[in-house]
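Down below are the structures I want you to see.
What follows is chain A paired twice: with chain B in the first complex and chain C in the second.
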Partner chain A sequence: MKRLLPRLLLGLPAVALLTLFFVLPYVEMVAMSFRAPAFGQPFGSGHTLMHYGRALGDPLYTGALVRSLLTGALITALCLLVSFPLALHLSRLQGRWHVVFYACIVSPLLIGVLVRNFGWMVLVAVDGPFNRWAMAAGLIERPVRVLFTQGIVVMALVHVFTPFMVLPIATALRNVRPELREASASLGAGAFETFRRVTLPLSFPGVQAGVTLVFVLSVAAYVTPALLGGQGIAYMPAVVVRELIGSFAWPFGAALAVIMAASTLAVVTVFTLATHRLAERTRA
Partner chain B sequence: MTQIDIIGLTKRYGTTLALDGVTLQAREGELVSLLGPSGCGKTTTLRCIAGFMDPDGGDILADGASVTDLPPQRRDFGVVFQNYALFPHLTVFENVAYGLGVRRVPKAEQRTRVAEALAMVRLQGLEDRLPRALSGGQQQRVALARALVIRPRLLLLDEPLANLDARLREEVRWLIRDVQQRARITAFYVTHDQAEAMALSDRIAVMKAGRVAQFATPREIYQRPAEAYVARFTGEANIIPVRPRDRTAGGGFHVPFGGVVLPVSGVEGIRPGDAAMLMLRPEALSITDPGAPDAIPALVLGAAFLGAALACEVSLADGMRLRLQASPHGTVQPGMTVGLAVDTAHAWLMPDIPQ
Partner chain C sequence: MSRALSAAVLGVIYAFLLLPLVAVVAASLTAGELMRVPPEGLSLKWFQRFLASETFREALLLSLQVALTTVVVTVVLATLAALCHRALSRRLAASFRLAMTLPLLLPELLTAIGLLFFLNSIGLGKTLTGLQVAHVVIAFPFAFLAIVAALEQVDPAMEEASASLGAGGFETFRRVLLPLARPGMLTGGLFAFIVSFDMFTISLLLKPVGGNTLPLALFDFLTYDFDPTAAAAATLSVLFAVIGVVAIERMVGLRRAF
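Moving on to the complex of A and B:
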């Protein structure tokens, strides 16, 4: 193979970049999680498994992990529910209206994370517009506390992660040829039956991509839960950051981070395996 | 077994008139082809019949009852698409069973009917494959079986052979005709291929710019075209501008051509003295001795050996060029002067209608 060497050389920059900024940090993080703790410095000499034992044995940490995973699943499910109709609409638009609608869909991503969350704080403050409108409309008698609840965290994350769900689903739907819907209709299927038997299954490649992205992003979300969730509810990323930066306990923080990453990966793997058959059938 | 009547169908896209009063009929068990070049309205007509598109005017009747306002899923018309439109995520069996599942047919009956439909299109043993693992010909058979299994009142075929290679096209063409005949199902067949339309159809509607130029049997269309457009579209034809001199005793016309006067039949309504078009199919012309009585002198411009015939191009004294097929055993060569004999039984006079 005379041409193999040039090809390998072409790939070299990418391999170098990934090794430097992706593989090495992970290796370092995993290695760190096995280091011994020490007083007055981030870590000591020697290796230990104690951090994993501590993390997995303490309900404070396992509770935060489970809460993060469940909230991630809830956000993903709500996101899917909100996104599917949007994706369906986006996939059927043409020309100028497609561009306009596309811009609306990605607009949450165009706002900085602090500005966006501050916006939510203002919106749902006790004397903010949300409470005033709801009272004026007679929906509530007195202002309700929305800020610093799980609800607002979920809402804000669904809002910002919607583009990651809509765009892959819309792409998958765009790949469903219109003749398939016509064929389905000619065979006797009404609009709902056609949606259930043809459009929905064929959107699966997009759903799979969107679900994976949104779940991973939700579990790892740090800023939004920290700002909108207040101090009362502990999510895993906040716990990790607290250990790493607050307590300066690098090995324990690293162990928590590794546990969080591994759990997320496990959930994604289970989802991928469970839907393997459908994915195989519907791949473009 | 359903009779379909299409009455004065019109459809407008913006300012262009895609269908301009299309009137057609398919009797019970008849296969009617819509033949024409792209943009003539044949696919638009089919899509209106299927219900994928609403006509702006006119009516579509199935056994006398209007279906124009029914959505496609309530028409019971099977459609075979040019690109097959098989459901990519369903196996061959599931694709064919689709219409039965929608109709809540019991599973056991689904299995028998799918097996019957697949046997009819001669495709067995591939029930568990996904469409992407099938060849084009196999996909087209699945599409046909899927449309037939619901026992539709009408079968609509939109250029079903266009994406197949030449050898397969022939094979699937006969399969379609055979299946349509055995199921005794009324069908409309859209194509731009005149040979396909000739071979398959009971009747052909030749379409021109959103209208039906002629609607008749293949024989009629080929031998007695209503206008030069139809003659050109249905096979090779020499079209010669002429002026008929007077009527013959048999109801035909005396047409002066190349120094002789030919008695030919033609379209009703042509008046002697008017400009008209004489159609001479290549097989209406033959080469004889230049000295024979009524032979038209001609110069051979070119000759190509085609196996079964010798395709020749000749020119007459006035420069008119004609194509004809001579016997492959002859010794016709470019540059020779020959006599042309016209078989007036294969000649036909048409009105001079702008293309």
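Moving on to the complex of A and C:
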């Protein structure tokens, strides 16, 4: 036992790093949102609540916030739709094929968001392959401009966040023992019935984790709307960055960021409470 | 019938996942003057133009420098933290693990904003050191998880055997744990490199004056130009990821690393 203490001390540098450069910055962000504004410098002395009043009273900001939350919910729902079949597929594979398909799903995680978005730019460009294939197939008469629309932003973000949804669901599905499905089938349930009453409820903890993670990340996504969304549609992250870098208004930008984080947290809390019953049922 | 349908649905979803990446690589290999998929003839000339561009070359060098420093610092810190994690009781270990992975679970944008204010308040605003520290914070959880996963494969009986044969704590670490943890450390290092090399939002808010990393340079380029030089820059990221996945599968198995 006397060797335990030195082992615990090994964790100190990492704890110090994260306390100093992760926890304190979040504290600083909240503190900044109460600072007074100033001309010619990012913030002044003194404290005020005015930034919250300004942000919550202006439809420009509340509109961007609501748009970000709704788009985040849409992205999360679409991610779930795409990810469940993938997770099911993974959970039924063995050996070499499992590794190959697993690699297909996780390798996009190792490629930057910017690069993956750029791939969509290439595919949907006016003279890009999608337009040419669709024209060749007679689906459209002239090229469609998809870039700088809300649709492509949503699609690219679903693409970015799908692995975050697949991994927790696949982990949960691995815990659903095949005997349970067999038992359900032998009791006369059809494939869909078995899926709805056995597989789906038992994998629910994974769904809950994936939904929470994807929603949190998609509400705060900055790069994709900035690159693929053009100037037309204002999402909250772009508004925050413009205040911080463009207008150099740090306290106001901080207040907007805190409002965005707090509303995301509120939605996640409501979701967790609302699905509490379902999750409890699986654990029992 | 339903088998064919589900195969078709899966095919579409896998195509959705992989097509954008294939498009990037394909566009970079064109011999023509325009961004084309499938490419018009094959050549490596856009990679030459990418390396000939001073903006891209300087950005690439800065990115490599920051990423390599991130690897060294992150792997050392994460290895120490993973050893500490191993010594904790089950309950404590779960909380410790959650705390150590927080930078991965919270949005990069929020962390970047907090760091922008905090680094400024301690006099590191708009400096390379500040940017470097931020990269380490974001890359840390990836390395930590990989090393923890590798150490979980080590039977505690090995350490006990080593101790009972008279080896001290450091001796046991050096001769038993370190060799067994090495694949995890390599994997963690790879993760840290790739995460840092591709990091965008953190770098956008915290970059030193006049210092662009490669993703920032690529973003700037894409707002004005759309030629295959961008595809060549992006293909570098895809290449690193492919090398990473293959290496990780060889060393520890993908399943354990994620």
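Going forward, the second predicted complex is superposed on the first by the 264 of 284 C-alpha atoms of A that agree within 3 Å, B and C clash if a C-alpha of one lies under 4 Å from a C-alpha of the other, contacts with A are read in each partner's own complex, and residues count from 1 in each chain.
Criterion: a residue touches a chain if its C-beta (ideal position, glycine included) is under 8 Å from a C-beta of that chain, and two chains touch if they have at least 3 such contacts.
None of these values were measured; they are calculated from a predicted model.
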{"item": "First, second, both or neither for A:Leu187, with chain B first and chain C second", "value": "first"}
{"item": "In the superposition, chain B vs chain C on chain A residues touched", "value": "C"}
{"item": "Which of chain B and chain C A:Leu202 touches, first, second, both or neither", "value": "first"}
{"item": "Chain B versus chain C as contact partner of A:Glu179, first or second or both or neither", "value": "first"}
{"item": "Which of chain B and chain C A:Gly11 touches, first, second, both or neither", "value": "second"}
{"item": "Which superposed partner A:Val216 touches (first chain B, second chain C, both, neither)", "value": "second"}
{"item": "Chain B/chain C common contact set on chain A", "value": "none"}
{"item": "Chain C-touching residues of chain A, taken from the complex the two chains share", "value": "3-4, 6-15, 17-18, 21-22, 24-29, 32, 42, 82, 85-86, 89, 99, 101-116, 118-123, 125, 127-129, 159, 162, 167, 213, 216-217, 219-223, 226-227, 237, 240-241, 244-245, 250, 253-254, 257, 260-261"}
{"item": "In the complex with chain B, residue positions of chain A that touch it", "value": "177, 179-180, 182-190, 193, 197-198, 201-202, 278, 281-282"}
{"item": "Sites on chain B touched by chain A in the complex", "value": "50-52, 71-79, 81, 83, 85-90, 98-99, 101-103, 130, 146-147, 150, 156"}
{"item": "Chain A-touching residues of chain C, taken from the complex the two chains share", "value": "6, 9-10, 13-14, 16-24, 27, 34-35, 37-38, 77-78, 80-81, 83-88, 96, 99-100, 102-103, 105-111, 113-121, 133-134, 136-137, 140, 144, 163, 169, 191, 194, 197-201, 204-205, 215, 218-219, 222, 226, 230-231, 234, 237-238, 240-242, 244-245, 249, 253-255, 258"}
